[in-house]
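First chain written, first letter: the chains are A, B and C, and each begins at residue 1.
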Amino acid sequence: MLTLASDFGSPYPAAMKGVLRSRGVTDLVDVAHDLPQGDPRAAAFWLRFVLPEFPPGVHLVVVDPGVGTDRAAVCVRAGDHALVGPDNGCLLPPARALAAEHVGPDADPADAIDVYAVDDPDPRSSTFHGRDVFAPAAARVHEAGVDAIESLEGFVRADDYDDYAIPDAWVESDTASGEVLVVDDFGNAVTNVPGDFLEGRVGETIAVETAAGVREVPVVETFADVDKHDPLVTVGSHGFVECDANQGRGDEAFDIAPGRAVTLSFEEEVSATVPTA
Amino acid sequence: MLTLASDFGSPYPAAMKGVLRSRGVTDLVDVAHDLPQGDPRAAAFWLRFVLPEFPPGVHLVVVDPGVGTDRAAVCVRAGDHALVGPDNGCLLPPARALAAEHVGPDADPADAIDVYAVDDPDPRSSTFHGRDVFAPAAARVHEAGVDAIESLEGFVRADDYDDYAIPDAWVESDTASGEVLVVDDFGNAVTNVPGDFLEGRVGETIAVETAAGVREVPVVETFADVDKHDPLVTVGSHGFVECDANQGRGDEAFDIAPGRAVTLSFEEEVSATVPTA
Amino acid sequence: MLTLASDFGSPYPAAMKGVLRSRGVTDLVDVAHDLPQGDPRAAAFWLRFVLPEFPPGVHLVVVDPGVGTDRAAVCVRAGDHALVGPDNGCLLPPARALAAEHVGPDADPADAIDVYAVDDPDPRSSTFHGRDVFAPAAARVHEAGVDAIESLEGFVRADDYDDYAIPDAWVESDTASGEVLVVDDFGNAVTNVPGDFLEGRVGETIAVETAAGVREVPVVETFADVDKHDPLVTVGSHGFVECDANQGRGDEAFDIAPGRAVTLSFEEEVSATVPTA
C-alpha cells in the first residue's frame, strides 16, 4: 500500500499516480491533496493525525515550498512504515507517531527512525518534483520494502536533516498558552495545548483569550452539549484542545487562525476595583 | 467492496480509510466526502441516487450532526447491501432504493430491509465516531458478510430508529408544489416533484413560482434545447424535476436554495383585470 | 486499469464508479473531477499532461457541454490506450501524446490513432451520459481490451469527428505571442508558448504584455529563484511557458485568465522620445 498526500489541488496528483502505476504500484490510497498550500507545519500535524491509522506502508508526502531549491529529498523509515518527500521537516512528527506505535510505550521512538537522503542527480523537471523525484523514489521503496531501504542506490543515511517539531504549549494547572495549529473544514480551531489540560474540567467555564479579546465558554465532552452555533472548548480526536462551535465555525466564533496565540484559563477573574467599606 | 461517504471534507476521511485498511478492508471506493455539512436530508437524497449503481457491498455513511449525543449507531441491511452510520434516518431512503432493486417490482422493499442497533460501549473518542465507531463497525460487517450481520456481537435488531422520508410534493395534473431538495455543483436545483409531472409536456411553457417571484420557462428534454445561460425545467437523471440553466446556474437563475418552496404550473394565467365591453 | 476524469464535481462521479463496478471494472483511478466546467479545451490540456504518465489503460473523460444534443460518443484508440467520451475534440490532444510515446520519435502518432463512433440508441437518460452512455462504453472497452475495439457492437470507425488542437503560439527568436491555456490551483498561468522559447535565457528579463499592461520579470529555472510573492516566468512541468509568482498567484500578479492573450518579449524597448543634442 502506498498513500499519497500533497497540497497540489487538482489535477497534478494524477500525474504522480500515473508515475506510480507505471512503476507497478497498484495499491494507492489518497490521504488528501488539499493540505494547506506551502505549509509543512500543517502537513506535519495532519499526517501525524491520520497516518498512524494505516497499516504498514509507504507514504508519499509532497508539500514543498522549496521546490527547485537544493533542499534534499528524504526517505524516513519509521518502524515498518516509510515516508518519502522533501526535506522540510514535516515527515518527522508523523514518523515519530508511527515509530511510537511500533516500539511501544517503554522504548524511545527515535530508535525506530532512520532518515535517508535520496539522491536524484538529474530530475526530469525543476518544478514538479512530486512527479519527477518523490513519486519515483517512493515507488522504489515500495518495491524493495521498508527493510531494504539501506540497499537502494542513491539512498544514504543522513544525520543532518530538517525536523519540524510541533511547538509545545506552556501549561500550568489552571492556565495554558499556546497557538492554533490548524483549522479544519468544519472551522474547528485545533491548538497545541494537550488534551490533558482539560482532564476533569468538563462542565467548568474556561476563558479563551486571543488577540480579539476574551470569551468565556463551557468545557464540554462533545459538541452537542451546547446549543446549536454556541462556542465551546473540548478535546479533539487528535488529543489536542480545540476551540469549536456546535454546527458552526469555531475559527469565526473565536476570531482565530492558524499560527495565532491563544491562552486558556480557569482562573477566576479578580475584580480590578475593590469597593471600599 | 466498501464505499465511503461523509461530510468530513479533508483530511478526516483518510483516518477512516486507515482504520478500514488496518482491519483488512482493501477494496475502498470514495463516494463523496463533501456532502452538505450536517445535512442528513441531502445525504439521503444523494445516496439514494448513487448507491443503487453499485454492486452489493457495504456502505459507510457518516453525516452526523449529533456526534457525541446518545444517538445510536445503526446498520441497515438492504437486500445484499449493508449501510452503516449514525441513526439519523438518512440511511433509509438509499436502503429502500437498494431493496427495491433486490425484490423487484412486485414485492415490498421493506421485506428486504432489517435495521440493527450497533452497540459500542466505549468508543476511543466522543468527537470522531466516523473513525472510532462507524468505520470499525463497517469493517466487521464487510468481513462477516451481509448475511451474517445477525451473528455479530453488539448488533441487535431494532424496531425503533430514525427514518427520514424524502418529502412528497403535492401534485395535480397541471400544478405541483414542492421544495428544493439539493443544489448540485453545476447549480442545478433538484426539487421533490416527480419527473412524471412533466410527461408529455416537453416544449410547453411552465411557470416556476418561488419566494423571488414567477419565471416562465420552457420544459425541455435536455439543456441544449435552450440558448446558453437560459433557464429551463427538465427531468434530471435522478427522476425528479430540476430548475436549471444551460451551462449556467439554475439556483441563481431562479433564486432558490435547498429547503425553499417551489410551485410549478402549466395553468394559463387569468388576466386580473377583464376589459369591460 | 480505468481512469476517470470529469467536470462533475461531487457526487456525480460516484454514479459512474458504481456503473463501472457493476460491470466488473474493479481497478479505478480518479484523475480529476473538478476540471473546468464545460471547457473541453482545458480538459484537453490537462489530460495531455497527465495521461501519458499512466501505463496502458482505458480513460473515461466526460466534459460535455453538449450533453443531450446529437453529438456522438467516441472511443479513441491511441497506441495501447483507449479514451472514451463525448465527441467534442478534447480526447485527441491526449491521444496524440499517448500515440507519440507508442510509436517513438521516428513515426507519425496519427498512425497509432483510430477513432470510433459509439452508438447507444436508447440511453437511460438524456442528461447524464457520463453514467448512461460513456461509463458503459468504457466498461465494454476495458473488458474486451484495446485491441478488440473493432469487434465491439456499436463501435464503428469514424472519419468525421471533432478534433481540438491546442492553439499554436506565434514565436520568433525574441518575441512570442500566445494565450493562457489554463490557470492551475496554485494560480500558475500556463500559456501555449513552447518552453523552447526560453532556452538559454534563464537570468534575463522578459516583458510580459497583457491587456492589463506590461510587466518586466525575470526568467528563472525555478520559483525559488525570486523572493516570496515575486512574479516570474519559467517553463512548467508540461513544457510550456508559465507566468507565475513564488508562493503566490501568477494569474493575479499578471492579471490574466484562461483564453487571454499574452505576448512575451526579450526586445529592449526603444525609447519613444530621443533626446536632441
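Keep in mind that, in the parts below, a contact is a pair of C-beta atoms (placed from the backbone, for glycine too) under 8 Å apart; a residue touches a chain by one contact, two chains touch by 3 or more.
These are the chains along with the protein names UniProt gives them: A, B, C = S-adenosyl-l-methionine hydroxide adenosyltransferase family protein.
As the structure is a computational prediction, the values presented were derived from the model and not from experiment.
Graph distance from subunit A to subunit C, where chains that touch are one step apart, equals 1. Of all residue numbers that take part in the contact between subunit A and subunit B, under half occur on both sides, making this a different-residue interface. Averaged Cα coordinates give subunit A a centre that lies 33 Å from the centre of subunit B. Within subunit C, the positions touching two or more other chains are listed as 30.
Listed in rising order, the residues of subunit B touching subunit C in the complex are 1, 3, 5, 27, 29-35, 46, 49-55, 184-186, 221-225, 234-237, 247. The part of subunit A that touches subunit C in the complex is made up of residues 8-12, 14-19, 21-22, 26, 28, 30, 37-38, 65-69, 124-128, 131-132.
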